[in-house]
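Order of writing sets the labels: A, B, C and D. Residues in every chain begin at 1.
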Amino acid sequence: MNFTPQNRVLIQGIAEPLATVHALHMKRYGTHVVAGVSPGYGGTKVHEIPVFDLVEMALSAVGEIDTTIIFTHPYAALDAALEAIAAGIRQIVLITEGIPPLDMVKLLRKAEMTETLVVGPNSPGVIVPGQLLLGIHPVEFYTPGSVGLISRSGTLTYEIARELTLAGLGQSMGVCIGGDAIMGSSFPQWLEIMDEDEHTEIIVLVGEIGGDSEEAAAHYIAEAIDKPVVAYVAGQTAPKGRRVGHAGAIIASQISTLGSEIGTAVSKITAFERANIPVANYPSQIPTLVKKALRLPTKHSNV
Amino acid sequence: MDLLEYQAKELFRAMGIPVLPSQRIERPKDLKGLIIPYPVVLKSQVYSGERGRVGGVRFVENTIDAIAAAQTIFNLSIMGEYPKVLLAEAKYDADQEFYLAITLNRSVRRPVLLGSQKGGIDVEMAIDQMQHVVVEQEFSAYYARRLALKMGLEGKLIESVSSVVEKMYQLFVQNDLDLIEINPLGVSTTGEVMALDGKISVNDDAWARHPHLDALIAKLEGSSPQSSPMSIVPMESDGQIAIVCNGAGLTMATMDLVYQAGGKPISFLNIGSETRADFSPAQLKHHLKDGLDQLTQNKQVKVVLINLISNLVPCDEVAEIIASSVKRHVPKTNSLKRIRPDTLIAQATRSPAMVVRLVGSECERAQSRLASNQISLLDNLDEAVTQAVSLAKVGRG
Amino acid sequence: MDLLEYQAKELFRAMGIPVLPSQRIERPKDLKGLIIPYPVVLKSQVYSGERGRVGGVRFVENTIDAIAAAQTIFNLSIMGEYPKVLLAEAKYDADQEFYLAITLNRSVRRPVLLGSQKGGIDVEMAIDQMQHVVVEQEFSAYYARRLALKMGLEGKLIESVSSVVEKMYQLFVQNDLDLIEINPLGVSTTGEVMALDGKISVNDDAWARHPHLDALIAKLEGSSPQSSPMSIVPMESDGQIAIVCNGAGLTMATMDLVYQAGGKPISFLNIGSETRADFSPAQLKHHLKDGLDQLTQNKQVKVVLINLISNLVPCDEVAEIIASSVKRHVPKTNSLKRIRPDTLIAQATRSPAMVVRLVGSECERAQSRLASNQISLLDNLDEAVTQAVSLAKVGRG
Amino acid sequence: MNFTPQNRVLIQGIAEPLATVHALHMKRYGTHVVAGVSPGYGGTKVHEIPVFDLVEMALSAVGEIDTTIIFTHPYAALDAALEAIAAGIRQIVLITEGIPPLDMVKLLRKAEMTETLVVGPNSPGVIVPGQLLLGIHPVEFYTPGSVGLISRSGTLTYEIARELTLAGLGQSMGVCIGGDAIMGSSFPQWLEIMDEDEHTEIIVLVGEIGGDSEEAAAHYIAEAIDKPVVAYVAGQTAPKGRRVGHAGAIIASQISTLGSEIGTAVSKITAFERANIPVANYPSQIPTLVKKALRLPTKHSNV
């Protein structure tokens, strides 16, 4: 895995309006966006970034590529990702929301076999504040520092990054694993990355209802993570069985006849508490808990 | 999106999963033209389960009884839903009833095959004995046989049950299903199997790439309880605060905060995140405008709490939409005509209060734009929530 | 098994590959009910190619001309084949004509996508510029785009052509095709594409698992030039020796030997190898019996050379079948009635000579069984061939 | 690869009548047939061989398995082979004829990824005379010796083995790669195996019309094989475009408009001759050419 400013980045679907805007944002942040791919647009340029018809053509023209950021239509995302893997790219960020889950299953079988990291789908990607933007995080909420931030949700990640920044707590890295039901990278994967990252002193894990990622993360933290972790779970009061927006953030057993309490906020918070991980009740409490865990002076003791 | 039993069975039949002869009954008199010989089972075609327990399934022996039973079922609400159609099906004498299903397991990120020898209505038994087979690599028939063996089947039942599971898997992947379930799978004394009831749920995100499914449900268009991702979702019927956010996580965090501060949300609207491939600033603005128009017309809404973290759309443009919406809905004499009389009596004609929390670029301009409409802009979420809750309490009097 | 153009186009249409409006014409007067507006193209529906060059495709402007042209085409034999059906199709003005195909490459053991910008009748040009893309791993759309780019396409044509290739690939795998070809794919000045002619060949071994294909060809049943694997295959019309073997390699080696020895095979019969899942000794014996019955009734056959290496069936049982066959076909007075009069005049009524080479178990018993019918059994293949050829020469007198 | 008498063998489809007969033949030849699989027949026995419903059940009952021999219906063969691979078996012999070619493509993608040897389909398998029978070769035609025999056809292989045996030339190994169009193992793979096999002194390669396996083999022999090779090609006079029996033995370009001379006997014989490989004109000439290549006295000089 490579999250240094040397990361050479491709943007697939660069001719999509959204991708074109974010290509510029990434470039301005200093990310090495070396090429774009959009079939039919080969030979054109987007913000001075050369565009190719195929990933393999981009590779042979610009040389090695570490990461691709995929902005295509959700039904074209599987193909784009497989094309990138076939061309030898081993870091993929899927911005696109609404990729059919069975496409993700196909992609993940391939990704696991080729040891490819897939971030997303339905994710703003990864940011290393001050160094690298692999996605669409709004950079103004982030500042360099030592808090690693892992989340499932886009705007909520920005909210918490902003709270941290306002509290004087910069971030070593911010990643959103995505809001869909079937995700590429998992909480444990990122916990491990940040546990090994020398710039990270503490990890903030932002969960939400649905699935059992938080329960798995709590278990993994207790077993394998040395650095302190602070957790938060959104959706304690979300109506059951209704989709709030994320395909993944829904409490409802998929099998009509199999009731189950996995997926509720209570189950997740209990799992964190059992693993002795402090859980914030609301976003603005996170900086306080982070400072407490790092034995920094908190607002209250400051006043 | 769920399919009704008879729609699921049409897919079963086309795939070669054995189903009984059956006919769709749209009105009781259709039973006069019944081709299936009696005795026949009449089943209410509703989305909710539990119909068997509440009288939605009836056995009948002749046309007179059938018509009477059909009338009863058409008039029977099951979890608030009346059937538009019944299914008349041949009766089947099952010696055993199995449970079979395929769904996606989020933790292992793979489809999983489920099966139990104890199917039918006694779900608790099915769960206790439920067997799971994860389809780790590309599916092949041996996964289905593995399930049959874990279920404890022997001899020819291994092949007959696993062949049904194979076909269920084909339907599962060909149609992007979230769930396919056969419960019960009837097993006769001679080892013949029959799908007696079926449930299919199609993945919402994949629906658009299966046009043949549109044809399948066309006759009952609009009858499925599906909500568009961009619609207002009701919460508490006696709530006062409508929440407008962008992004699911932020929406949930905001509603949690409202409850924590003692407020009660009446509904929420997630105007969508910026990860949609078809996202555009224009679309986001359009969703916001539409949502505000709807919310401000609902006179039960006391406070609209807007919490947006804008990335691509500058805050002043968002503020402009909010300001125009407020302006449009300041009650005018002629606008009263559009309000229903009872609402008019029960409620004052005032618009809901607006609490706006916006962060992103051009916040100062946004602030001045809103100030001209007597709306204050906050950048602190906790404060915005506190304000919304106290406004709702004030308005309650 | 090949499909006719109109059958291929039915599959194209169902898959969403653009095809022109068309109608099947079973007799010239069907053209009176033509719905497609003139001008129209009438095409002979035959299996062999080359129909365009020999007058099997005609443009017509009105009903009178159309009926006349149809009569001509129905009476036009193309490589010995008369059409049972014509296809009447709208006329299309193509600006360019591309070639697209998918087939299996035996060397790389993968499907391969083929494409050229020079399609249409000028096949030499297509071959010169043919581009190949091997589908190494599971297919995904990027393989189709790779082909489009290798073909030298640009802009929107990349997507429109690769989208056709994608759908061709789906047909290819869903129906177990040996070949799917669109030639030409018409491209209009506005970049719109249209499959103007199509060829589909279904793999013989896989045919049985695609029952919907039976329905597709049902109307023209029996019209495809396919031979069952167990049937007698004609070779030289003036040959004298019929070869009966088990296994393809042995059959070929034996016919090579016959030619090398100066003989001329009239036909061969491969009664099948023992690797067929449905193989059984009884079945092998049945094939042998049937084959011998047919061959001995053909009075052009001078010599039947039987060369069997038997694994599971003991040689004496094989010998028994040969002996009974010989016995049954020793000319009897009443059997003459079944012989056609012309054959009766041209040929003597004697049965063909039998040369039997058998190896396997129980050879000695086989030898004695055959000896009682004045047939000698050989175990050396070269000797058997020499004997068969000299018997054929003797018989020629 | 393991072709020793220690090879532990599974038979899939053992309840099929053909498989039952050959199971007994293999056992009698000394092959360690440790288990059979036929769904629905679990718990029964076939010639004292225990039968299971699933491959994984056979493995957990009898321990390690080296090779599986598949006798199932052709449409069930892909699944049987994938089941064996999933259970960790890395040598597969496909006896079954008529497996749809696209099933073979799927199987070979998986086999290549897992480094699994697939012999066949439509093949009598492998025999190591006097030691091991992995398939249905009639053992009476074979005798131990030093000629490695590679072929595409069943009965023709037996014919040539018989000719060699009658001429006093025993065989180190006999293999038939199969008569279908899409085959698992290839001529070059077996040439390499026999080139490395210490018991093999000379290789007899029996080709036939159709495809370009013989051309590829000729090229490979010239490049990589040190031991002497004698070739033979069947089908020099076979009628064009007609199937003689093998799906693979057909001279006809699959693409109607692309005429090609690859696949003819002439093309194959020419390829062998260019590589200085002696080519027999008829089966009984093979022993003569083998003796000549080994500088053994031939029949003629003997007389």
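Assume contacts are C-beta pairs under 8 Å (C-beta built on N, C-alpha and C of every residue); 3 or more make two chains touch, one makes a residue touch a chain.
Keep in mind that what you see is a predicted model, and the values were worked out from it rather than measured.
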Exercise for the section: Among all other chains, pick the one whose mean CA position is farthest from the mean CA position of chain D. Expected result: B
Exercise for the section: Could you tell me which pair, B-D or A-B, is linked by more C-beta pairs in contact? Expected result: A-B
Problem - chain A and chain B, separation of their C-alpha mean positions in angstrom - result: 27
Handout entry: Length of the line joining the C-alpha centres of chain A and chain C, rounded to whole Å
Key = 57
Handout entry: Centre-to-centre distance between chain C and chain B (centres being mean Cα positions), rounded to whole Å
Key = 53
Completion exercise
Two or more other chains are touched by the chain A residues none
Handout entry: Touching two or more other chains - residues of chain C
Key = 137
Practice task
Answer with line, ring, star, complete or other to describe the graph linking chains that touch.
Solution key: ring
Fill in the blank from the handout: Pairwise touch list, complete, is A-B, A-C, B-D, C-D
Problem - Touching residues on chain B, where the partner in the complex is chain A - result: 49, 99, 101, 103-104, 106-107, 109-111, 114, 123, 126-127, 130, 137-138, 172-173, 176, 178-179, 181, 183, 199, 201, 203-206, 208-209, 227, 229, 233, 235, 245-253, 255-260, 265, 268, 270, 272-280, 309, 311-312, 359-361, 381-382
Handout entry: Touching residues (chain side chain D, partner chain B) in the complex
Key = 39-40, 42, 53-57, 76, 78-80, 82-83, 86
Practice task
Show which residues of chain D lie in contact with chain C when the two form their complex.
Solution key: 13, 16-18, 21, 71-75, 95-102, 104-105, 108-109, 120-124, 136, 138, 140-141, 151-159, 162, 179-183, 206, 208-209, 211-213, 216, 234-239, 242-249, 254-258, 281-284
Fill in the blank from the handout: Note: in the complex, chain B contacts chain D through residues 137, 140-142, 145-146, 149, 154-156, 158-159, 162
